[in-house]
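Dropping a structure here in structure tokens format, bear with me for questions.
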Amino acid sequence: MIKSRSRLALALYALMAVLCIPFLFPTWWMITSSFKPVSEIFAFPPTLLPRQFVTDAYGRVFELQPFARQYFNSLYIAVAVTTGTLAFSSLAGYAFARIRFPGANLLFMLVLTGLLIPSEVTIVPLFQMFLDVGAVNTHWPLILVPMLGAPSALQTFIMRQFFSGLPHELEDAARIDGLGRFAIYHRIALPLAKPALAAVGIFTFLYSWNLYLEPIVFLSSPDKFTLPQALTQFVDAYGGPMWNIQLAAASLTAIPVLVVFVIAQKQFIEGLAYTGLKG
Amino acid sequence: MKRTITTTLCLTALLALAPTAFMTPAQAADGLSLRMAVWTGNAKHLALLNGIADAYKAKHPEIGTITFDTIPYDNYTTTLTTQIAGGNAPDLAWILESAAPDFVGSGALLALDDTLSSTAGYDFADLSPSATALWRQDGKLFAYPFSTSPYAIFANLDIIAAAGQKSPADLIAAGSWNWQTVATEAAAVHAKSGKNGVEIRDFDYKDWTLLTTVWDGWAARPWSADGKTCTLDSSDMADAMAFLHKAIFKDGAIPGPGTSGDFFAGDTAFSITQISRASLLKDGAFKWDLVPLPAGPKGSYSVIGQAGIGVFKNGKHPQDAAAFLAFLSSPENSLKLAQFFPPPRLSQLNAETLGKTNPLLSKSQLEEVVVKGITTGKVSPSHTNNAQIAQQIRASLDAAWTPDADLPAVLSGACAKIGPLLAH
Amino acid sequence: MASVSIASVNKSFGSHPVIKDVSVEIADGEFVILVGPSGCGKSTLLRIIAGLETINSGTLAIGDRRVNDVEPKDRDIAMVFQNYALYPHMTVAANMAFSLVQRGVAKAEVERHVHEAAAILEIEPLLSRYPKQLSGGQRQRVAMGRAIVRNPKVFLFDEPLSNLDAKLRVQMRGEIKALHHRLATTMIYVTHDQIEAMTMADRIVVLRDGKVEQIGSPLDLYDHPVNLFVAGFLGSNGMAFFRGNYRDGQFVSSDGLKLPFATRGDLEGRDVVCGVRPDDFILTDDGVDATVDVLEPTGSETQMLARWGSQKFTSLFRGRLTAPPGSSVRLGIAPGRAHVFDAESGLRLDGQPPCHA
Amino acid sequence: MAQDHPLPSISPDVRRSWWTPARRDHFIGYLFILPQITGLVVFVLVPLALMAWYSLNEWNVLAGTFSFVGLGNYEKLATDPALPGVLWASACFSVGLVLFNLSLALLLAVLLNQKLAGTVVFRTIFFSPVVVSLVAWAIVWRFLLQQDGGINAVLRMLSIDGPNWLRGPNTAMVSVIVVQVVKNVGLNMVLFLAALQNVPQELYEAARVDGASRWTQFFRITVPLISPTVLLTSIITVAGSLQVFAQIAVLTEGGPGTSTTVLVYYLYQQAFQFHFFGYGASLAMLLLLIVGALTYLQWSLRKAWVYDND
């Protein structure tokens, strides 16, 4: 019995180890290849570790483009979007979950509609609208649309699901204790929603951090670019990619997020697991 | 309770006011501002362009700012079009040769003849007619052809010698610099060293317009000169494609789909590309030569790549933009730009002038490849509605890039697809 | 401290009425228990008093103040919830202090109140803990402490003991009762447990389907239930009911058996239901033979499940009995302890003829 | 005990005014949702309405002409010879993606739910691609999937001659699906894991006593109990699968042939590359219709297969 159990465990470990490969290898390859000279990147068979360790690609990342500035752009946009989304989607999610007001169902349908809209569908009219207010080639479209537009619908949905699961009596107790609606939201519901807020925050941050089509459409000066956009900019004059530099830049965008994730993976994953998506 | 309302109101007000608050107007500086869309993010390119812009501003106080907006090459035309659709056309833009007929034919661009010919010291007649052909319609010039760059072959002499093959220079001297010998040598290189033979650079089995650099040796073009008939099913094209197919899948002379390698990293014997790539050769990693494209069955030929700078009629200041373009492309500045972007000016198309800005290339290389190439070269085929046609051909040709492809069927199938679009 | 007056209150959720014209007067300092099966509206009524639900019509007054449209926090009430509703992110002390801090009471005074309440409930060692570190009983005390701290005019309890195990429930029952004695504040208490109602209340309000069935002291209700529903609801072992009618002043069950109920000439020919509490059965030779099904001795008492004809019932006797299943015993009914109800309306038939209002 | 705390004085007889507590609560509700709803109206509804209007027009961006053509674009839609192929590719992609994603997510979640030491490490690894930039991920995979890329190098060690993944119509579709699934399966995995951990252990014990095999336990207990999670993740995955764009753009550009040209990519081509904005807008409307219909379908079929606690 014990023997068969440990054999089962061994089989499970083996299975998971094999399954790990496609999850781990691309990232591994990206990071190690950024330290290889170009000729070795194309070497066949591929090398697992750089035979010749070079770091000059990393220097050139910053020479060729205002990469530090672009890094800052991506970072502050993602932080702004995340902060705003946390505020607005938790407010709306709370109201949809907890306040009975006429038309709530209809308005919630609007949120669900937002959930289903691919961003490609609305990009042209959005571009025109931002142009009309003079906000093209600024970061505002990249902040406002994810914060309040279609992408935020999922966050509101998650918050609503979470708040729906909180015991009603807590709020009743708070009302008797003299809290108004906003105070209940702010002082009772929000502190309890930390896991959901963490999940929403992570979702939003990653969404903003990875945004690709929108920056391409809205931004045109290199010092306003965001990282994914900048990644495709490490090309020579004819659009041929400079592989080692591109990989170095890609690694630079991925490593900090990966490090933060590995350190905080517990909160990360448990935050997600706590969302109302449990069903 | 009061706090609830106040806070919510504040948030809402903030939201409503935000759009006005962030509109720090770009035109804060005195004078009008010009915006030019480019696809280069290269710092040296931009420094050069900004230098010219500063010189122009110094002379023209009415101009407040001139900005060069980099749009990624991958989505260049798409993004440009989106901006135009959104009513945010730049004042000037680089335009890809493949998109030239669309832009020239659409009426979106301003005719440049009057401005350029009336600019003192411009010497409008100096522009090479072959270089400007693509950008003319009804006798008017709609864009300035800058970066007229011929395709040529870079050869890695070390690899060729190691495989026991003759150098291109020897072949040229022997009069046997043609595709047949190149293919044979390339196949031999691949067989002996495992390195790549000939790469058609940037041809990832998607951008078939780069194949023109080979097709033209067979006088094979995808459509007739008037652009109305598909000629992919012609016998010339069949021969050219048969040559390519054999070189790729039978001889191993050309790396097959999905094989990577980089001439400039020393992986490849021959590379067909534009001469400006010479800047990627550095530090004498290997011995190399630059030679013209080899002759095909239909004789020798050359192909040039181009980009044009056009002025948008719907931009905010078309006339000022045109005046700036005249300055940017003046003989003096054209010479400065020549270090990256070969000029379309006959007077500057000589080895001496070009040699100053291209120190890596020898005089004979410049003479044979660049000057001859630009004056005799044909540009890659383009067509109105180019993107859609190009996409149809790409999708059709995908079937050709397998070892057992039925080429005649593929080519006639391609014509069946694009025939109606061409006739349209 | 204050009286609570509920007058003709109606409440519906959408088109579904849940409280139907309910009127209850609760005196100052009284302990009133709202009881009824689940879904009867007792919790809703409590929440209406708390101000957590609005009413559609009627008047609600606490003390001499009409509070229909007054916010819960301004009604001067405190409420203890079924699942305690302690704020999970605050310590016990913070939970208890919360409402006072909310009202802007000075810090020192808040602390004094919290400690006083904690002392009463003997939870002082728990003050710095978080709710999730407490047992169910401790949470229950904290929830009460939170209510006490407010020093309200009215305490409201919403099934506060239903999440506790049986032993703890008995103990807490006593403590709440003791608390009422000590504070002498009006308390309104909701439960579905009739033992809680019987043992704790000054007066019980029995609710069914949003309507008041009967209001009265526990023993009053026990001895004189106004209808079948109240009769069946109160009492720990459930009243035994027998269907039948009166013939010649004698009760005859639907099986045709003459059962030993008191003679009632006034009910001649009527279809009635007669009820007897289990402990009102007596063993007597004058009785009628009943068939024993099961005998359940608990030591001090014996419970017997038996049948008269096809009608089963439970009876309860002090001491011990021996009667094998299937045997028969003669059973009678203690004089004056039978209840008679109209079979159709379920109303009590109490000697005087039923009024047809 | 303590004296009464001061209370705000309220006149004993407050007349029932229009501004009732209920109305005030409604008002607060509206205030709470105001930013979000305003955003959705401005950034979703208005652009959608504009797109609907564009779909009734012929719009040549370069020439700046804009003319009303009524249902012309929709007629084109009905007769577009390329559209059936595009819809078929979308269907293949979505079905393949959803099935593979959900089953892999479930498999990983079940594996991680075994009480084995060190599963946290595996969980971290399986989740990590979620945080890697999408563009970087696709670029790396494009490399790995080449004829002489990493995948085939591994296969060759096993003496298998791998195909040129992105060049064969079927392998390209499979590759795109796999790349996308590996990138995002971690999300669904975590949600499933949470759901699995909520299944009461006693149920398995009871089932074992009843003699149920592991398979029976999985299909008769686990699956029904986590079905609400399966529903929600499948709705989100289906909607997401119809919006996949950047991966296809980087990996295959819709090829080879048109085998991976899914609806969103086709829309992008028509509108942004070929400049047929009007037609692109009508495709956008079609996409919206499909997403909406599928979501509605899943939601209304939920009664049939989702265990409901309530």
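Labels A, B, C and D are assigned to the chains in the order they are written; within every chain, residues are numbered from 1.
Note that a residue touches a chain if its C-beta (ideal position, glycine included) is under 8 Å from a C-beta of that chain, and two chains touch if they have at least 3 such contacts.
The structure displayed is predicted, hence computed values, not measured ones.
Colleague: Return the chains common to the contact lists of chain C and chain D.
Modeller: Touching chain C as well as chain D, we find A.
Colleague: Would you mind naming the chains that touch chain A and likewise touch chain C?
Modeller: Both chain A and chain C are touched by D, going by the contact rule given at the top.
Colleague: Please indicate which chain is farthest from chain C, where distance is taken between mean Cα coordinates of the chains.
Modeller: Computed centres place B farthest from chain C.
Colleague: Hey, which pair has more contacts between C-betas, B-D or A-D?
Modeller: A-D
Colleague: Calculate how many whole Å lie between the centre of chain B and the centre of chain C, each centre taken as the average of the chain's C-alpha atoms.
Modeller: 89
Colleague: Compute the distance, rounded to whole Å, between the mean C-alpha positions of chain B and chain D.
Modeller: About 38 Å separates the centre of chain B from that of chain D.
Colleague: As a quick test, compute the distance in whole Å between the mean CA positions of chain A and chain D.
Modeller: Between these chains, centre-to-centre, one finds 15 Å.
Colleague: Could you work out how far the Cα centre of chain A sits from that of chain B, in whole Å?
Modeller: 36
Colleague: In chain A, which residues are in touch with two or more of the other chains?
Modeller: In chain A, 87-88, 91, 124, 128, 144, 148, 181-182, 232 touch at least two other chains.
Colleague: What residues in chain D touch two or more of the other chains?
Modeller: 28, 32, 35, 38, 143, 148-149, 277
Colleague: Identify all positions of chain B at which a residue touches two or more other chains, and write them in rising order.
Modeller: Touching at least two other chains: 1, 4-5, 8, 11, 15, 82, 85, 260.
Colleague: Mind giving me all the chain pairs that touch?
Modeller: The set of touching chain pairs is A-B, A-C, A-D, B-D, C-D.
Colleague: How about chain A: which of its residues touch chain C in the complex?
Modeller: Against chain C, chain A makes touches at 167, 169-170, 172-179, 188, 191-192.
Colleague: For the complex, which residues does chain B have touching chain D?
Modeller: Against chain D, the touching part of chain B is residues 1, 4-5, 8-9, 11-12, 15, 77-78, 81-82, 84-85, 102-103, 106-108, 205-206, 256-260, 314, 385, 387-388, 391, 394-396, 398-399, 401-402.
Colleague: Can you check the complex and tell me which residues of chain C touch chain A?
Modeller: By the definition above, chain C touches chain A via 47, 50-52, 71-73, 77-79, 81-89, 98-99, 102-103, 146.
Colleague: Sort out for me which residues of chain D touch chain B in the complex.
Modeller: It comes out as residues 24, 28, 31-32, 34-35, 38, 59-64, 143, 145-149, 164-167, 253-258, 269, 272-275, 277.
Colleague: In the complex formed with chain A, which residues of chain D make contact?
Modeller: 25-26, 28-30, 32-33, 35-48, 50-51, 54, 108, 111, 114, 116, 118-120, 122-137, 139-141, 143-144, 148-150, 153, 156, 178, 182, 186-187, 190-191, 193-195, 198, 226-229, 231-233, 236, 239, 242-243, 245-246, 264, 267-268, 271, 277, 284, 287-288, 291-292, 295
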